[in-house]
Amino acid sequence: MSEEDAVRSGDGSNGGDGSPDDLTHTDDAGDVQMVDVGAKPDSSRRAVARGEIRLTPGTIAAVEADAVEKGDVLATARIGAVQAVKHTWETIPMCHQIPITNVDAEFAVGDDRIELTVAVETTGKTGCEMEALEGVTTGLNTVWDMVKAAEKDGDGQYPDTRIADVKVVDKRKETVDA
Amino acid sequence: MSEEDAVRSGDGSNGGDGSPDDLTHTDDAGDVQMVDVGAKPDSSRRAVARGEIRLTPGTIAAVEADAVEKGDVLATARIGAVQAVKHTWETIPMCHQIPITNVDAEFAVGDDRIELTVAVETTGKTGCEMEALEGVTTGLNTVWDMVKAAEKDGDGQYPDTRIADVKVVDKRKETVDA
Amino acid sequence: MSEEDAVRSGDGSNGGDGSPDDLTHTDDAGDVQMVDVGAKPDSSRRAVARGEIRLTPGTIAAVEADAVEKGDVLATARIGAVQAVKHTWETIPMCHQIPITNVDAEFAVGDDRIELTVAVETTGKTGCEMEALEGVTTGLNTVWDMVKAAEKDGDGQYPDTRIADVKVVDKRKETVDA
Amino acid sequence: MSEEDAVRSGDGSNGGDGSPDDLTHTDDAGDVQMVDVGAKPDSSRRAVARGEIRLTPGTIAAVEADAVEKGDVLATARIGAVQAVKHTWETIPMCHQIPITNVDAEFAVGDDRIELTVAVETTGKTGCEMEALEGVTTGLNTVWDMVKAAEKDGDGQYPDTRIADVKVVDKRKETVDA
Amino acid sequence: MSEEDAVRSGDGSNGGDGSPDDLTHTDDAGDVQMVDVGAKPDSSRRAVARGEIRLTPGTIAAVEADAVEKGDVLATARIGAVQAVKHTWETIPMCHQIPITNVDAEFAVGDDRIELTVAVETTGKTGCEMEALEGVTTGLNTVWDMVKAAEKDGDGQYPDTRIADVKVVDKRKETVDA
Amino acid sequence: MSEEDAVRSGDGSNGGDGSPDDLTHTDDAGDVQMVDVGAKPDSSRRAVARGEIRLTPGTIAAVEADAVEKGDVLATARIGAVQAVKHTWETIPMCHQIPITNVDAEFAVGDDRIELTVAVETTGKTGCEMEALEGVTTGLNTVWDMVKAAEKDGDGQYPDTRIADVKVVDKRKETVDA
């Protein structure tokens, strides 16, 4: 819908009861808005994002041994990632709500880092890379939350913990046979 | 689903294991319920709502000069409106969740009021006027929240601030070519 | 927290690992921000808001007779209002989450309107007038949602339905004896 | 999406910039995941769940007389049930969000129990029995919340209150004519 | 706040601008309302609820062997339970939001059932048994969701699956030393 | 509450009515759980997190000129960050809900990156670094969402866009004078 349409259709049904002539319409340039996806066809879409959290070797060992006192780090982070994917439409202000058909969250553990890959699939009118990115960042934040006690130094700071290299590694769209 | 269906299908699979004969089914008349939209076709729908907040001239001037200490009033209210549109299915108890394809929020500023027009579009089984209305009222409440300090009198009251004339100015439905 | 503090504490722990010197800090003037309530004492606070929805006499009669097909209008709207009060911290972008201790939603029915008064009480660091306003506007929107079928004209429009005169009628703060 | 796909598509766009060779991919066996419903057709689906709450005869009498001080028990529980149905996709970690087209909540009152039947209908890619179950358990919990004062003994305990016999009584799927 | 107060304080600030004399205040008897907890002291409170889900022996064996295709049943259900505890204030319409300080979810596995005990602790103005009950019922529903494929019969029905015996097993309140 | 307590208090009030002797309590080692903060005093706490998003120079220029078609990037991202801070208790599965008293989100714009610093303050029983981290990652994801059209290459991929160097730069706790 163009701004002009909004204004015109409003004026048409606005019989002099409250909208005085002296109103100044704000300049729309730069105003935030959702993208109109009404005319887009439903497509089968897939996006994969990836990122990593840098951790101390001691923390990595504890995660692998399932010896973190707060509980199973990767199982909790996987659920945090899936939930974040599903909530992206309310977390990112201008995102649309799209029907998520599949989420896959995969961890890979290195000597000094844990890498998280989140693949999201939808059959909808707009892509799902923001969903995949929210899955990755919230999943990695959940890892951080679970290992806080191990990563903090004596002063309560996190000198070495980092979330890094969060990117979209793949994005695809296919026509739906419908 | 008719009430009778609900009762009957229940009874059928209810082999004497916990539901004694002496249960009194509550009279359904007046009981709140969602409208069954299962048989309705997907249509392209659009609703536009509008309302206004009355403010003191000093507040209006501060909004236009972007001089409100709490920040950019209209940008924040626009986002509050869009988020409210997306959340209407949980805010209004009997609303259905419908796929919002477009939201457009427009402000017009007068000498003593700010008017907000919210247009919502969906491709679904039920209309979106409640979404547009929630966008308008929450957008106007967000304006109020941002200008609280300017509108309060010495006693902490709001003698002049008002939200008024909230109405649905247009509602349309078109068949989807599918 | 002042902006300067944020910048300085950041710089201190920022040992050359990614934040180059050539960054331009955005001008904070006009940037939206929450109000810092950390230094405010907990007080017993109460706010009362009120508003009305104008309806056709036939709809009013149906509401009073509990004859609206979608169900009990005022019971549903009362719950919608209470839930909206509790959710205000996420609905209004810059609101704080405060502990609501009491909500009272009262309807008064006239010949051509239903008036809703919502009183909210909290023991917190900031007032609850936005909570009361969200209760009123969402409660009235819920009334609208419940009587849509009765209020629509033959063309699917709402020529007479209006939400009007939404205001804060009382706001108080008392020191907590603690 | 198979796990292999996720790994491979990720590797393909992963030009040596952060994912070292020494990463150990976690064994996927037992890892929680959503079911991929992307290839499933939209079907018309219906599920009915039922359960009961055991209450003291005095409480039952108060519910039937609408004499519970906290308010109308069944009206509130009915709305609690409908809202729970709509929120199941976020309450149950691995559920998909599906478009609910109809919810019907029915109470039956016995001498020592209140039975709640919730029927849910959707036109989607996966069934809605979890939605019906969440409607039943949250509806019954809402009854409990409304009658707490009547059910508590002198020691603040609930010796007799029970939620019992929660089951899925019917589940159907029909092809959508589309 | 008494109802009389609400009416009176409203009338006092209601200078003839929109609230005509002919309004009929609805009879409050039976109207749902939150309990006013404003005058209650903060106490250390604890509630424990328990319930069970009846499952087929084959499903129980798969859960114990962590061989359920959809993933780790008990880890997922534990997180579902904790999240449900935290969300009770929005799930149960008349619940207050209280600061949860601790949640403990414990499973016990028998030959034909899994039992879930959820203990919740808070330092607040009202008890947390509803939080414990929501933790139990949503935790058990999450178990159901994870084992759907194993529990369904050839006709897609759940002839044996049941949630049963959900009760509050302990509830305590202690004065906070403050 | 220790695990032993949970088991014992449950057993104590469990008079043989539903918990048969043959139940096997699951081994708690590794089970995820919230940290018990009930015995911690309320403290004034502050955490600052920082991160950056790498963008193409053309995108940076468009952001600075407020020429991005989807709207004001930094205003939207600032609100996204504040909302994410407030929602951390539900986004990160094992986080507690704490009363946020202040949030400050600051952007700094470089030639090839935008840096976001989020400072969070609370007066509660546990720290707020997860809130600050969620503010940073969601704020940066919101930037990404707003500039998607500018950052995508001809193939719909994001070859250069990265979120990087997300860290906690400061964390403090002070005793509250109460």
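Chains: A, B, C, D, E and F, in written order; residue numbering restarts at 1 for each.
Simple rule for what comes next: contacts are C-beta pairs under 8 Å (C-beta built on N, C-alpha and C of every residue); 3 or more make two chains touch, one makes a residue touch a chain.
All figures in this text were calculated on a predicted structure; none of them were measured in a lab.
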Degree value of the rotation bringing subunit A onto subunit E, based on Cα positions, nearest 5: 180
Chain pair among A-B, A-E or A-F whose interface repeats that of B-D, sharing over half of the contact pairs by residue number: A-B
Between subunit F and subunit D, distance of the C-alpha-averaged centres to the nearest whole Å: 27
Inter-chain centre distance, subunit C versus subunit F - centres from mean C-alpha coordinates, in Å: 25
In subunit D, residues with contacts to at least two other chains: 13, 31-33, 35, 72, 75-76, 79, 83, 87, 93-94, 97, 99, 157, 164-165, 170
Subunit D residues within the subunit E interface of the complex: 29-33, 35, 51, 66-68, 70-72, 75-76, 79-80, 83-84, 87, 91-95, 127, 129-130, 133-134, 137-138, 140-142, 144-146, 148, 156-158, 161-168, 170-171, 173
Contact set on subunit F toward subunit B in their complex: 72, 75-76, 79
Subunit F-facing residues of subunit E, complex: 44, 46, 48, 50, 52, 74-75, 78-79, 82-83, 86-87, 97, 99-111, 113, 115, 117, 119, 121, 123, 164-165, 167, 169-170
List of subunit B residues in touch with subunit D within their complex: 1, 3, 5-7, 9-10, 12-14, 17-20, 22-26, 28, 31-38, 89-90, 93-94, 96-99, 124-125
